[in-house]
Amino acid sequence: MKIVPLEAYLILSLLLFGLGVFGMIVRRNLVAILMSTELALNAVNIAFVGADSHLGLVDGQIFALFIIALAAVEAAVGLGIIVAIFRLRKVESSDELTDMGG
Amino acid sequence: MELVPAVFPFIPLSIVLPLLGIVLIVLLEEKFAKWIALVFSGAVFVLSLVSLLYFDFSQAQKVQFYQSITLIEELKLSLSFGADGLSYLMYILTTLVSFVAICWSIRDHQINHRLKEYYTWFLLSESSLVGVFTSWDLLVFYVFYELTLVPMFFVIGIWGYKLRLYSAYKFFVYIFVSSLFFLLGIVSIAVEHYRQFGKFSFSYFDLLQNQYSLAFGLFLFLLFFIAFAVKTPIVPFHTWLPDAHGEAPTAGSVVLAAILLKMGTYALLRFNIGLFPEVAVFLMPVLVLWGIATIIFASWFTISQSNVKRFVAYSSVSHMGFVVAGMFLLNKEGLRASIMEMFAHGLTSASLFMMAGFIYNRLHSFNMQALRGSIRFMPVFAVLTAITGFSSMGLPGGSSFWGKFLTIMGAREYTLQLALLVLAGAFFSVLYMLYLLKTLYLDVKEEGRLVHFTDVRGFKLVAFLLVVVPMLMVGLLPFLFFAFFDAHIDLLLRMVLKSLGGGLWN
Amino acid sequence: MDYLGFLILAFVMLGIALLMVFLNYLLGPKAPSALKDYPYECGVPLYDKSAQATFHQGYYLLGLLLLLFDIEAAFLFPWTVVYRYLGVFGFVEMFLFIFILTYGLLYAWRKGALDWQFEEEYID
Amino acid sequence: MELKDLIQIEIPKLALFVPELIVLITGFLLFSLDLIYKRLSHTLAISVSVIGYTLALLYLVFNFDLTGETFYGLYIRDSFSSLLQFFMILLTIILLAFTLQYQRFKRSLYGEFYYLLAFSLFGGMVLASSYNLLLIYIALEAVSVSFYILTALQRRDFTSKEGAFKYLILGGLAIALASYGAVFLYIYAGSFDLRHVLHFNAPDKGFLILGLVFFLFGLAIKIGVVPFHFWLPDAYQGAPTPITAYMSSVGKIAFFAPVIRVMPLVQEGFHNTWVLVVGTLAVITFLYGNFVALVQKDVKRMLAYSSIAHSGYILAGVSVASAIGLKAVIYFLLAYSIMGMLGFLVLAVLERSGSWENKLEDFDGLKYSQNFMAWVFAIALLSLLGVPPTVGFLAKALVFMSLAYGKLWWIGILMIVGIGVSTGYYLRLIVLMFMKERERRVIANPTGFEKASMILMAASLLILGILPMLLWNYISPTSEMLFRR
Amino acid sequence: MESLFVQLLVIGIKILVILGVVLGLGAYLTLVERKVAAHIQRRPGPMVVGWHGLLQPLADGLKLITKEDIFPRAGNRFLYNLALVLALVPAVLVFAVVPFGPEFEVFGVKVKPILTDVNVGLLLVFALGSMTVYAIALAGWASNSKYALIGSMRKAGIIVSYEVVITFAVMGPVILAGTLSTYEIVQQQINQKLWYIWLQPIAFVIYMFAMLAEAGRVPFDIQEAEAELVTGFTVEYGGIKFGLFPLVEWYVEVLSLSAIAVVLFLGGWSPINIPFLGFVDPLFFLGPLSPFVWFVLKVALLFLFVLWLHWTLPRYRIDQITETAWKVMLPLTFVNLVLTAVIAPIVWR
């Protein structure tokens, strides 16, 4: 029984994904940027689960599980880098990451 | 085209020997460098002369000494070397001029540092130039064609005069970028061969069989033409040349003017006309007029130069104008004129640059005003210069005479007006050369403080003689040279006529 | 439908919680004074206006460790449920997994991530 | 249905997986070494890595014809994966010759370095041998995450951390995009196997195109294609230079591998879309990369932009979805991996000189104090420029050839413009090194291993250019095989 | 299949039971604690309000409700209140997956005494348990007080550490049972005639420790540490809000985690177990009520055990607590997991 149509999942996940990307662009706090990428990945998870309920398979959930795991890894590495950045310099926002003119 | 297999690997040997020389130079001490280079380039020169004995002049349209090693079967990419009459002539010119350049360098005061590198570059340049003129695989041709850039780039940049960095840069960029179009053209016709015959091929002989629609042929022709127009050069594309030739050390200018420019015209003849005869015919009027325009403009530029090297450099451009104009007349006289002029200019420009270099060694100036009447007390040098100058001018008996005369003849076959235009060009070239000779011989410095310079002797004399003697031969015994390429010209004309189905430009 | 009860309970509890939040506001006396909302500071004046400063890095590290190990647990749970059908193969796989996990733990231990006062040089 | 019946256990054919396994075990060994020794002997770590990688390499070489699928079809070994893996392992071994001295000079001796290298190599090897979106995703993460950390491994260097953070964020976005693409492909075909997905014939191809676009855009970020390249120059500049070399060679091979696997599967239906999208991206990429490289003052950054430009050239080959294009792409990729790496490695050696800052002025008259290095760098630069008879030339010629095959003249002409621009900055370096007179002592004596490696790489640039069949004879059947699939 | 109405009715009754247990019993457990503590310390405890202080919780509640609503200046009012909601709701929701007894039939309606019997029940427990971290971190952050912040960080650190430990500890029983449904786990124990505590002593001990830590009970109540931090993260909360935090933390959580412990290790509602042989039920005379009584008894026992510890042991330092979790307990759970995997085939049969 499909209570929720596929489109609903996809629209929700696209919204979340867009929000994540938007956050990546407009946020200035390093941790917030990192969280935005996580948001985007979780949007993908929702889409996967939705696809699974649409197709009646479980592969998507396996993928989602891996995404969760690797998103965690990425977050861990990201936090580590942020901590390292803070230790070198008290950086308030991503505007200050301009040592290389980038 | 028919192929005659080699009895002895003259051509591969001529490519490999200089490379061996490089290895020796790198391994041994610096003081041996010049002698190794001399020996190896001499050996190649002798080799090329010996190969004359084996060249079958009766079948000069065939590709002789043919040898081939397949690199990639699937693309039919192969190292294939060989020489028909035209290639062979260029091959001999290359070995001769390379040897001359190295002879000259041995006693050149300007070449006093980084000798190992210097001679390495010259040997590499010789090797790659031989490769250019004797390759029958288009991609391999391109490889050698580009490879010639590298040695000259370094030679200009390291041992050149004041503006050497800028000139080296400009030289490389102009030629490299333009020849990328050529590369695109090569691969395009290889792919076209695949479309028509079901397999890729870079072999010149296979590619001759391709048929093109006029529009596509025109496109490909232009791809090729851009590269060679810059290399040759034809007037609006010539700006790299005065810089490169003017700033290069003497031997570098010699090689540049005598051989590198010939690569452009050789390739025009071989590829643009050989592969796309229809398009060549279609574009003939434009190209002939373009060639004539090149002669006239370049002559005009020449006469306004105050730097003698730049003067000679611009004169090269105007000579190239004759080559291009003659070539695209697409008749027997025109093609003969073009090839003769290529060879002749190889000798005269080499000689003229050596002259400039020689005077510089004495006066430390390239200024036309500074060298007024400077050669009065160097009789041998004066004689050599005079022969060169008159040859270049196109005096009957001089080497350039045949180029100019036959071009006018060829033009006359179409219309009188065209012939008159060429004649005007010839007149201008007489004008600037006379001006040069006048400055050297007749003008006197007001101060009258003339020093007795040492005359030309030793290796430099040898170098001069090596170009002046053939120069006289070209002027006096032209039929010797016609034997090299007449057969090839007939072949080309047959192709042109076949593609045309009759009359030309009526 | 399994979760219907759960949902209802969740909403009921939400209602109760919100009620609790506003209960004092509804029933309590309202006598504001300047010092009532003063943050507790043992009676001395506030040192910093804002206490929401960054905190000890040890907490970050703990967060990182939780993130990683909890996720590994997420991988193990499905395995625990179906382990009985997997046989030796499942055991070997799991053993490798736990082995790597232990390795990770050892690594964190060795690098000092588990020590409350870790050495500085491992961070940059 | 019972849970029991759903479970089918396939015993993996480990013989196919041995090279990866060896690399992985090497990684764990290095990990253990780092755990056991408080002060790790880096010579030991390097020896262990080299031995491990060499074993993997030998296995690969002696079983080059081994093919097959295992792990439920997730993992595939074919000649393509073997070829790419061979290069990846070889380049990693070469890289190891350069790391120790550099890190010692920068005082950034980390034990993490070695096993992260091993893990990223493992990820890259897996990436080269899968059609499965799930495995591609995991391998992509394995490579990327290792790269993030490796980028940050420069002690007390803010640019390093900054580059790593930017890489992380855009890398994260890339992964998110790629996996979002995987969702759409999954919805389209109900499978993660790209072969199945792209051969699936549903009337409505909307999800397929959407999925491919997302998936490839994700990969495009990783590769450094232009509208998505922002991380690349910063990460490349900030990373320790040997790592930059590693990212630009092994990383590039790894990230291009799935693209190359997708390329032959492009169907007639959206062939034109493919050409237009990929071709446009390629053009933008190499033009932008070259123009921006031209104005760089920092040579490392300049080479990073040149790396972007080369991605563009490779993409130009990718846009021609035909066998000849595939051959060109693989050839170019492998060629670039050598020359790009060599370029950065030369910088890695030179950076050990005291006041060296990778600025253009530092290269003035380098030939006089560092003859050997100058020559090697010159060969690398000439190859990057595409001057014959280097391997870079043949690579570009093949890309031209595939463009001619696809009748994409506009890309060809624009590529000439791009290469023309690139002449400017490559030649400038050569001019500075060989033709400037300034006497400036640069003390950075390469060790014997470094010298040998550099000679090997420079020689291979020349030899592969002169004798292209050495590489071609492997590439050609491989791409035919990929197209038959 | 019963009608929707009956289903809703059953659900409503279950919810009422849970609310009664949690809020009513929870409140009264404060009195129990005070009494137990008092008797451990040889004093009578609350004696004034009602017989032996029986009405004390009610009095306390009334007092707290009628306090003034105070909010710390420069705090974040939304997060401040959200923290309370986040603390209360998940803690109670855990009871939704606690099976109080076996399935029975009333008026022809089959009733499972568990609100939501789903196949991922145990995961739900940990998912909800993790929510407390948010509540605590938000409470500390929104209060804008250093005491609160430090307290909340400590508490969050402890939960974070023990969250991992507890997750790995419960994997042993799950392997043996082969299911994540709490109801099924108990059923499996009855079928296999085995309380899992017999095979999982390590897991059980670790679980108990982790439970103490998660609930902030002695010896792991460093976040409160009255001597240094006043009351930790609740320092800026007043009135009923102040009352609810300890209620949730000390009583509701301990109750729910004890219940889960009973489910996982002590065979849920089953009577006393003789391993592999069967069950002995001294309370057989209670008939169908006996399983429920057993369940309540076991939970009560665990709860009293916790109280006993609370008033007996000293307090650990924060570094000791976290380091114990990572360096001792987590490796032990790994060992336990592997051992369980090895011996698991014994119980499957």
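Letters are used for the chains, namely A, B, C, D and E, taken in the order the chains are written, and counting of residues starts over at 1 for each.
Here is the rule we use: contacts are C-beta pairs under 8 Å (C-beta built on N, C-alpha and C of every residue); 3 or more make two chains touch, one makes a residue touch a chain.
Predicted model, so just to flag it, every value in this text is computed and none were measured.
**Q** Touching chain C and chain E alike: which chains?
**A** none
**Q** If each step moves to a chain the current one touches, what is the fewest number of steps from chain B to chain E?
**A** The distance in steps between these two chains is 3.
**Q** Of all the other chains, whose mean CA position lies farthest from chain C?
**A** Taking each chain's C-alpha mean as its centre, the farthest from chain C is B.
**Q** Which chain, with its centre taken as the mean C-alpha position, is closest to the global C-alpha centre?
**A** Smallest offset from the overall C-alpha mean is found for D.
**Q** Please identify the chain with the largest separation between its CA centroid and the CA centroid of chain E.
**A** B
**Q** Tell me which has more C-beta contacts between its two chains, A-D or B-D.
**A** A-D
**Q** Please tell me the distance, in whole Å, between the geometric centres of chain C and chain D computed from their C-alpha atoms.
**A** Taking the average C-alpha coordinate of chain C and of chain D, the gap between them is 39 Å.
**Q** Just give me the whole-number Å value for how far the CA centre of chain D lies from that of chain E.
**A** Here the centre of chain E sits 53 Å away from the centre of chain D.
**Q** How far is the middle of chain B from the middle of chain C, if each middle is the mean of its Cα atoms, in Å?
**A** Once rounded, the distance between the two centres reads 80 Å.
**Q** Can you give the whole-Å distance between the Cα centres of chain A and chain B?
**A** One centre to the other, that is 64 Å.
**Q** Residues touching two or more other chains, restricted to chain C: which are they?
**A** If we look for residues of chain C contacting two or more partner chains, we find 63, 70, 82, 124.
**Q** Send over the residues of chain E in touch with two or more other chains.
**A** Residues: none.
**Q** Multi-chain contacts in chain D: which residues touch at least two other chains?
**A** Residues 156 of chain D each touch two or more of the other chains.
**Q** If I apply the definition of touch given earlier, which pairs of chains qualify?
**A** Pairwise, the chains that meet the contact rule are A-C, A-D, B-D, C-D, C-E.
**Q** Give every residue of chain D touching chain C within the complex, in rising order.
**A** 3-4, 7, 9, 11, 28, 31-32, 34-35, 155-156
**Q** Taking the touch rule as given, give the residues of chain D at its contact with chain B in the complex, in rising order.
**A** Touch list, chain D to chain B: 324, 382, 385, 387-389, 393, 396-397, 400-401, 403-405, 409, 412-413, 416, 419-420, 423-424, 427-428, 431, 434-436, 467-469, 472, 476.
**Q** In the complex, go through chain A and note every residue touching chain C.
**A** Chain A residues touching chain C: 65, 68-69, 72-73, 75-76, 79-80, 83-84, 86-88.
**Q** Touching residues of chain C toward chain A in the complex: what are they?
**A** Residues in contact with chain A: 54, 57, 60, 63-64, 67-68, 70-72, 74-75, 78, 123-124.
**Q** Please name which positions on chain A make contact with chain D in the complex.
**A** 6, 13, 17, 20-21, 24, 30, 33-34, 37-38, 40-41, 43-44, 47-48, 51, 54-55, 57, 59-60, 62-63, 66-67, 70, 73-74, 77-78, 80-82, 84-85, 88-89, 97, 99-100, 102
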